[in-house]
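Heads up, there are several structures right after this.
The following pair of complexes shares a single chain, subunit A, combined with subunit B in the former and subunit C in the latter.
Then we have the complex of A and B:
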């Protein structure tokens, strides 16, 4: 069964180990594909990691003028090096704010689920180094049916449904119970 | 590896077929005319290159059909239109010439990756491009040499006598062996590329034999068989010449027919890349609707929103006319998370407040008015790099 990323952002302590691990991955040229954002700086210390959501119909690929972004075994890959022209359409089209363009190399980069590792049965680097299990690498069905908390994997953007392979666990906003289940 | 064959939103096939048929028809007529003019009314057709001629014509027509498919895609069509608008102003022309020199001439786009990759790509691309120029000119009979005096050739291009040269002058040797020089460059470039594919760990996992290795093998085969023709003619008294010529022809024809559907397809894409610097530099900046940071140009955001609309996946913010692309990348990530946690998302300085829509998206918060239109936020703050 395919494995996917599961993000339980309530567990994130903002250590940024995932970003540093990602930077050190082979072929990543010291550029992190993972983002850790402060959600409300000055009000809380809450942070959240965001990797690529690996959409079933990726807006980045749909907006690419040179068809540089392909989907391989359900994983949305970084732009093909020979095709990418660095136009940045993908960085603006993605509703999750993931793709970046490396200005030096004139090349888009994004999380490709550490294809070099996962294709050999290893978890992505961010999963390996996360000290709080905020980022897990689970069977798709298991991630989608987490019993401990509600999950997100179909997103409604003003009437457009975007299904993602990455699953995000969300806080229980009905009872506001602390999210460590 | 199995390439995912998941089909994205499809296009009306009739539109593509009629467009492709039109483009291919026009290209076929232009090719026929160019051969007629180049060969001075079919008077100088080189029958030794007959096989190459048909493969070249077919290759160009297949390329044209693929270009028709490519330019049917909304994002490609929009960027091409932006590119064509460059021709309407002197500034656009200057930009075009400069980026042509930077991107195609000295290929600065790849120099930031490493000097080895730059050297490898310069050797390969210029070797292949110049070879194309020479091959097309000879095969399509656009150019021929005419013996006007016992030891003087006239170089005739499209029926026009361009210049004369001695049959064994330095210039003549350079021209006769043009494909040998480019062949040497291609072989060196291919060997460098193969070495990289042998040691680069990421490439070792992701490369495929048909897409990444075969083109290099094919280029080497063409270059070696082509060079052997010279070796046979100059130093072996023509031994094996026919066999070498046949194997070279087979390799070139396979290359020509494979080219439009292979890794070599990136060659026309690179010419679209010439438009990009102007696309980013010549339009008004766009400020993020949440934090006010300038992160793009208004033209490009409009283009992206139109493209996603055409592709049937507009990603909007409910209850407003905003799109997710009206936010910078960081604000998109943060807004999604804040809404998921039940927090309100305040769009600074615009009195608009968003909340989760209950289905993992954003919408106008209850009790707050839609105080702005998409892209209507004033430009706040100064340009600073995105995080």
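Then we have the complex of A and C:
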């Protein structure tokens, strides 16, 4: 069964090990594809990692004028070096702000779930290094249904529902106990 | 690999590391912090070039997980800043030289100064980020290589209070009473003065493990740290009031009969005096002193007292005070009065700050100590070590003085300093004065792999290797002895620290005592030296460490499998077998706020940097994420001074001042300010800190001093370019 990323951001300590770890995957050219955001700076120290959400219908790929972005077994890959023209359409189209363009090579890069590792049965680098197990690599069914807290994988962007393969565990917003407002 | 039973409840994962073509993986441990996480270093075959890091999923402590420092630690190895040749100051400038010239000069100076001023004119200031083998060599070299009583180390700023606190309460100083996996089985965790999430991130799987089983988390910290954010109860105390807070918790547990009278009667002494003293610390009184709401004190005491199993964990936040040792003992009291020790899920621990903070304080580089955690004043200990070293007992000097006292006294009896693996120009309190102290020396030698703020001032700088270029052992936060495995290379003309010391000993005519050809030979001598001591390593071998993924001391024989958990028999290390409950009155910090200096300054780490930053500030990925210090200030206080987010603020104490940009945040108390300490020169917050020492452990009071602040009128110092670049 396909495995997906599961994010439990109540556990995130904002250490950015995932961002630096991402650079360590062979095939990532030492360019990190991971993001960590402060959720409410000044109010709390809460943070959350944002990896590629691996949309079921990826806007990045759909917006690409030269079909440089392909999807392999549900994983949205980085742009093909042969095809990519560095136009940045994908960076504007992605509702989560994930793709980046390497200006020196005029080439888009993004999370490919560490193809170099997952193809050999190892978890991606962010999952491997995350000190708090904020980022897990789980069977898609387990991520969607068997977690101890409510999860989200369909997102509403101005009336457009976007379904993602990355699953997010919803923080406790009733009591705000972990500072997530 | 098949795991030894001691590792059953740890965090290993069932994956194998990936080995790529043309590369070899070196299974070693991180250079930073006492967790000593396992990692694989990727090395190119043939060239020995360090390529990267690969998770070591099967190491129990971290199961391949790493913090950002761990992920990028290897990037020191190929760094262009590395010192590759010895340097001698010539016409005021550090100039490349040969090893022969540098070592001859040093040996000549030692002989000359000792002839003129006596043996004690030479001092060693060493460090705890070195392997056990190196720490052992430093102590031995001071005592019988140089014959000086003056040696101490930077652990004095780090682990000294915990060590003294443990010794006075339970008679033994091992950082943790149990294996780290014990934390997962606690019903309550009380974490005091430790931003575990940032400073020991790989402890978090254990904290979460406990929480997943339903454990309550109590965090004592003046700041809403990442750790406090996850807490059920956050006791946001005023810095410097820990003794009162612990007294308040003890008061509530005693008055509500949540203590274990049977355990107290059978296994402790001093309870009557303790209960008498804490009777005066009711929640209202304690709330007044600490600034913590009385209701939260009661809630925390009940949560801790009612839980069957529980762990108390603490760190520099409670230790770096002029009452640090007693604060440690008072937190340990919480476990002792409730009988929480000696079994899975119950115990206490201090988070070791330095890579080898545990082993580094056991084998003789402390001013008053000989290997195996022996006292240098103990005749039996002296006789044993003299016999191991092959010298007459009278040749071993008496005790020296603590690190900061030593710095202050430079130029008096001490004329020459050998600084190894340490950077007091960043890490010492009131650091503005340290340069003046160092300048009083006739001769100053530094051994380092990068030109630190301290090494910059030296007369001779000798290039050493980075951690992954040597073999040896370290002892982690749990008391587990593990193996550091290195690559067979020494870039440029750099040499391993122990090799430098052996060569220097040879030039001093003491070579026969330092005839070592490998770290393993040193370790084998250390084993014999530690035999029969408190920290007994005699049964630990390199092979056994490999086989068991680390061996917990004490391990008194080759058949022995080590001691993951102390006090299982509830006998403490005193003649009567009873732990000592000491009672402590709240006295507060050495320096109290007043009209001129109305705010409390506290300092600490960030997740991206290690100690004085000499390594991590050079690693681009880490420096990018935290290039400079900053001031955490509460919005109400910032508004009072008209300070906006990111604006430059001048913070001053009686000892010095610093310009730092404001980071306005509700994470800090209104009466307190926080600045991280990893920078030197004008960016060193230690320009402000108070060098008042705990009289028992001689740890300085880094965690509290009185300061004032003003909005800076102009940008007087360039930021965005840390002191190194």
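In this section, the second predicted complex is superposed on the first by the 172 of 181 C-alpha atoms of A that agree within 3 Å, B and C clash if a C-alpha of one lies under 4 Å from a C-alpha of the other, contacts with A are read in each partner's own complex, and residues count from 1 in each chain.
Note that a contact is a pair of C-beta atoms (placed from the backbone, for glycine too) under 8 Å apart; a residue touches a chain by one contact, two chains touch by 3 or more.
The structure displayed is predicted, hence computed values, not measured ones.
After the overlay on subunit A, what do you see for subunit B versus subunit C, clash or fit?
fit
One more residue to check, A:26. First (subunit B), second (subunit C), both or neither?
Once the two structures are laid over each other on A, A:26 reaches both partners.
Check whether A:135 is in contact with subunit B, with subunit C, with both or with neither, and answer first, second, both or neither.
In the superposed model, A:135 contacts neither subunit B nor subunit C.
Using the touch definition from the top, say if A:37 reaches subunit B (first), subunit C (second), both or neither.
Touch partner of A:37: subunit B, not subunit C.
Rounding to a multiple of 10°, what is the angle at subunit A's Cα centre between the Cα centres of subunit B and subunit C in the superposition?
130
Tell me which partner touches more residues of subunit A in the superposed arrangement, subunit B or subunit C.
Of subunit B and subunit C, B contacts more residues of subunit A.
If we overlay the two complexes on their shared chain A, which of subunit B and subunit C does A:45 touch? Say first, second, both or neither.
The answer is second: A:45 touches subunit C but not subunit B.
Tell me the contact category for A:14 with respect to subunit B and subunit C: first, second, both or neither.
Touch partner of A:14: subunit C, not subunit B.
Go through the superposed model and pick first if A:122 touches only subunit B, second if only subunit C, both, or neither.
Touch status of A:122: second partner only.
Is A:70 in contact with subunit B, with subunit C, with both, or with neither (first, second, both, neither)?
After superposition on chain A, A:70 lies in contact with subunit B alone.
Considering only C-alpha atoms, give the closest distance between subunit B and subunit C in the superposition, rounded to the nearest Å.
Checking C-alpha atoms only, subunit B sits 8 Å from subunit C at its nearest point.
Would you please give the residues of subunit A that touch subunit B in one complex and also touch subunit C in the other complex?
Residues common to the subunit A contacts of subunit C and of subunit B are 26, 46, 116, 120, listed in rising order.
Can you list the residues on subunit C that touch subunit A in the complex?
15-16, 18, 20, 52-55, 57, 62, 64-68, 70-72, 197-198, 201-202, 204-205, 208, 224-226, 229-230, 607-608, 621-622, 625, 635, 645, 664-667
Please output the residues of subunit B touching subunit A within their complex, sorted ascending.
Those residues of subunit B that touch subunit A are 1-4, 6, 8-9, 70, 73, 75-76, 78-79, 109-110, 112-113, 200-202, 205-206, 263, 266, 269-270, 272-273, 276, 279-280, 296, 300-301, 303-304, 307-308, 311-318, 324-325, 327-334, 336-338, 340-343, 357, 359-363, 386-387.
Quick one: which bits of subunit A touch subunit C in the complex? Just the residue numbers, please.
My answer: residues 10-11, 13-17, 19-21, 23-24, 26, 41-47, 116-117, 120-123, 125, 128-133, 178-179.
Residue numbers of subunit A touching subunit B in their complex, please.
9, 26-27, 35, 37-40, 46, 48, 50, 56-57, 59, 61-67, 70-74, 80-83, 85-89, 91-98, 100, 102, 104-107, 115-116, 119-120, 152, 154-160, 162, 168, 170-171, 173, 176
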